[in-house]
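By letter and in written order, the chains are A, B, C and D; residue numbering begins at 1 in each of them.
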Amino acid sequence: MNIDLKISAEALAVQPCIDWAMSAESGGVDVFIGTVRNSTKGRKVVRLEFETYESMALNEMRKIADDILMKWPVNKILIHHRIGVLVPGDIPVIIVVAAAHRAAAFEACRYAIDTFKQTVPIWKKEVFEDGEHWVAAHP
Amino acid sequence: MNIDLKISAEALAVQPCIDWAMSAESGGVDVFIGTVRNSTKGRKVVRLEFETYESMALNEMRKIADDILMKWPVNKILIHHRIGVLVPGDIPVIIVVAAAHRAAAFEACRYAIDTFKQTVPIWKKEVFEDGEHWVAAHP
Amino acid sequence: MNILAFGAVKEILGDTSITVSLDNNERVGILITRLETQFPQLKQLSSFMIAVNGEYANADTIIKQGDEVAIIPPVSGG
Amino acid sequence: MNILAFGAVKEILGDTSITVSLDNNERVGILITRLETQFPQLKQLSSFMIAVNGEYANADTIIKQGDEVAIIPPVSGG
């Protein structure tokens, strides 16, 4: 299989994702790792709470992977996202794209995370020391 | 230190590079891993032999890292390159860029590998079953 | 009809699903009007989408009996 | 003057360094002319640069006694 998609309540591990994607057919592998930041707009972040509409999220992730395979000459695409409670330094998302040549790997990986953030039904609540809010939900 | 540069005759390991770069200050980490392909222009690759003018190579790598720190808001830059004899599947180069936001990480990582391939004095000889040549050396 | 609620919608409405009366083969546009009438708190959101059977719907999408319908507030994964 | 050779240059010239007679404070442009006269095999290369003390030089760069000078064939790392 050339597509690996996962939504998990467990901690994500980077190395197994890279091992899955790497091969002697792919000269370039681009990896994007999202990390929970310890502050946002100057406010200290205590934790993030992620939830998902899982069946639809996997469906939208599949569309991103299929689109990439049509648009770029890439060999492997991995998208893993974690849900539940995460603290600063934890990894909510890992994307790996392996291609014969690096341009496709970079462009497809960037496309994957940019599109993911626009279409995949996963929501995060930022919890600060003095309040909390669902990101992007309110004007 | 926010810059980690290395030229090594030993195998490169990805996870320690990522561990070095990740932090709760950096919401986005982009990693580029170069891999020795098993074929080039349809010819089967037996091995690659990398050599370097090491002092100058480290000097040019330093310039790339310094340029990136001036051009993009990034927190950490790692560039490791392996020299010696590599076989298909081996990793000649790892670049990691960590930034508060992903756009800078992606752009700086791409800039790093593109510039690296133009300026850093490292040379590779491709060895095929039926011949060998220094890449890009001859018209 | 039962409608799934997630994230900010779940919190605004206080439940993981809500019930709206809707004829069979009605359009999503009508559902949105009903939702905003019945749950005016939804106007607190910067926007929301409707998904039918796990696909983003538009105002003309027809909702059939047995379809899985969800309110999708602005996503923020990654 | 001793000049370092790498990669394809090392292979073409058969050694990791070569010797060229050069006055003190001579320019890189003169060195290149000398090199191409003394080692016409260098014309097999698609191009080459000269580095002085680990920095890419141009034709006007002055080479002083004790400088480390190298012939840099097209690079191909990564």
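Going forward, a contact is a pair of C-beta atoms (placed from the backbone, for glycine too) under 8 Å apart; a residue touches a chain by one contact, two chains touch by 3 or more.
Small disclaimer: the values here were computed from a predicted structure and weren't measured.
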List the groups of chains still linked by touching once chain B is ignored. A, C | D
What's the overlap between the neighbours of chain A and those of chain D? B
Suppose each chain is reduced to the average of its Cα coordinates; what separation in Å results between chain B and chain C? 48
Chain A to chain C, mean C-alpha position gap in Å, rounds to 25
Which parts of chain B, given as residue numbers and ranges, touch two or more other chains? 34, 113
Going by the contact rule already set, what residues in chain D reach two or more other chains? none
Chain-chain contacts as defined at top: A-B, A-C, B-D
Which residues of chain A touch chain B once you look at their complex with the stated criterion? 14-15, 18, 22-38, 88-89, 100, 102, 105-106, 109-110, 113
In the complex formed with chain D, which residues of chain B make contact? 34, 50-53, 55-57, 59, 81, 92-93, 113, 116-125, 134-139
Taking the complex as given, what residues does chain C use to touch chain A? 4, 6-8, 11, 44-46, 51, 54-56, 70, 72-78
